[in-house]
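Quick one: structure below, then a few questions.
Chain IDs A, B and C follow the sequence of writing; residue 1 opens each chain.
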Amino acid sequence: MGSEEHMGDASPRSRVEDLLYRYAEALDDGGFADWPGFFTEEAEYRLIPRENHARGLPASLMLCTGRGMMEDRVVAIREACVFSPHVCRHLYTNVRVAEGGDADGRLDVRANYAVYRTTEDGETVLLSVGRVLAGVVLEPEPRFTRMDVVYETFRIPGLLVYPI
Amino acid sequence: MGSEEHMGDASPRSRVEDLLYRYAEALDDGGFADWPGFFTEEAEYRLIPRENHARGLPASLMLCTGRGMMEDRVVAIREACVFSPHVCRHLYTNVRVAEGGDADGRLDVRANYAVYRTTEDGETVLLSVGRVLAGVVLEPEPRFTRMDVVYETFRIPGLLVYPI
Amino acid sequence: MGSEEHMGDASPRSRVEDLLYRYAEALDDGGFADWPGFFTEEAEYRLIPRENHARGLPASLMLCTGRGMMEDRVVAIREACVFSPHVCRHLYTNVRVAEGGDADGRLDVRANYAVYRTTEDGETVLLSVGRVLAGVVLEPEPRFTRMDVVYETFRIPGLLVYPI
């Protein structure tokens, strides 16, 4: 499936879900290379522990301000994971879409997620559970203007050098 | 996001999904206080083991008949959980909506769920897996007229003093 | 809920989701008997390890070519599982639907899944995580023309005599 073949069923909700699910596919089956392309040029991506988010603390485990930093991150991942393949599966649920209220037609998006990681010998563990709080523009094509991944699990913190 | 900002994409299916996902958010991020408000005044809420449901046995782990009993439950939870924070994440999937067949326009709703619980040190465990069988009215605003949570997991039965 | 009570909300996407979720219900709550009926007469069903799928290897753990083989499989399951009840819960997420590009109006469908299994004493384990790649026709009624279940988990391979 290419980018945005949504068969005319082009409600904003459908287009946002399509964006999110293609994003997951790029991470799970595409080796991260396409990851920055899902964001606008100035978009901010953050991995934040739930605790910090609840308290309004800015500290995040990963922070990428702009697509350039995301591209640097992809290079770093490629160098780091020569030895251990990282097979993940993102399950997004409870997807909600609402008008952002600004003039730009930005949409507020929320979703819950579970990410599973499978080792080379076929053992699957829950890597992370939490939620995604994002902004999305639909034109000229659907992209994230920001994404906060608010995670609850600390089980394998070392793996969180990867975006979720 | 407030109650029901669904951007005109107001098919019954979308409105039911929105209700279910706001319900999850009230449990996961809102501390239970808003839980009764998702039900009609006379609604019945039940937590039922799958085994009992399959055999038609009435025995349930939790039974709230009417919103008043739900409000009592919320008070009891607040008193009980002073010491151990209860951080959960509800993932609803396989949501189906069908006409209930009665004159009131009640909708029959089914969904599968997984609920994860994360402890204070960041360990996440699967709390419960099962399905939800519910009735929903859309007017004057979307609310549950009944909810049966048919659960399969007994892993941490003590925690099921909380609604799911 | 019977087959296809989708309340006029009959977009192709909704009808495909409804098919997938009724399929899950047949496996989880219906004892497999209705499983073959979700496929067209000549449909192919395959359970494939992710590794083989990625390399284009044909080797699959289960292969049913046509509905007749699926019916044989159902008989075999019934004989095999006299002693250990097999209680599962399928969670499908990230459902995407696109035109298949052929003249027959076949739709390409993708979804991620997690399947949980609960033992008789109420312990739930993750049985399998992966994704579904399927073809669907909507007329005369929605059915799968093929289904590849690309699984990542090998945790309990003995249980994969059951379709997923």
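The definition used in the following text is that a residue touches a chain if its C-beta (ideal position, glycine included) is under 8 Å from a C-beta of that chain, and two chains touch if they have at least 3 such contacts.
Heads up on the chains, UniProt names are A, B, C = Benzene 1,2-dioxygenase.
Nothing here was measured: the structure is a model prediction, and the numbers come from that model.
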| query | Drawing the touching chains as a network, do you get a line, a ring, a star, a complete graph or other? | reply | complete
| note | Rounded to the nearest 5 degrees, the rotation mapping the CA atoms of chain A (Benzene 1,2-dioxygenase) onto those of chain B (Benzene 1,2-dioxygenase) is 120
| Same or different for chain B (Benzene 1,2-dioxygenase) and chain C (Benzene 1,2-dioxygenase), when you check if over half of the residue numbers at their contact belong to both copies? | different
| Centroid spacing, where centroids are CA-atom means, of chain B (Benzene 1,2-dioxygenase) and chain C (Benzene 1,2-dioxygenase) in whole angstrom | 27
| said: Counting only residues that touch at least two other chains, what does the list for chain A (Benzene 1,2-dioxygenase) look like? | reply: 91, 93, 114, 126
| query | Which residues of chain A (Benzene 1,2-dioxygenase) touch chain B (Benzene 1,2-dioxygenase) in their complex? | reply | 11-13, 50, 91, 93-99, 108, 110, 112, 114, 126, 128-131, 152-155
| task | Note which residues of chain B (Benzene 1,2-dioxygenase) are touching chain A (Benzene 1,2-dioxygenase) in the complex, please. | result | 1, 5-7, 9, 14, 18, 20-22, 24-25, 28, 87, 89-93, 114, 116, 118, 121-124, 126
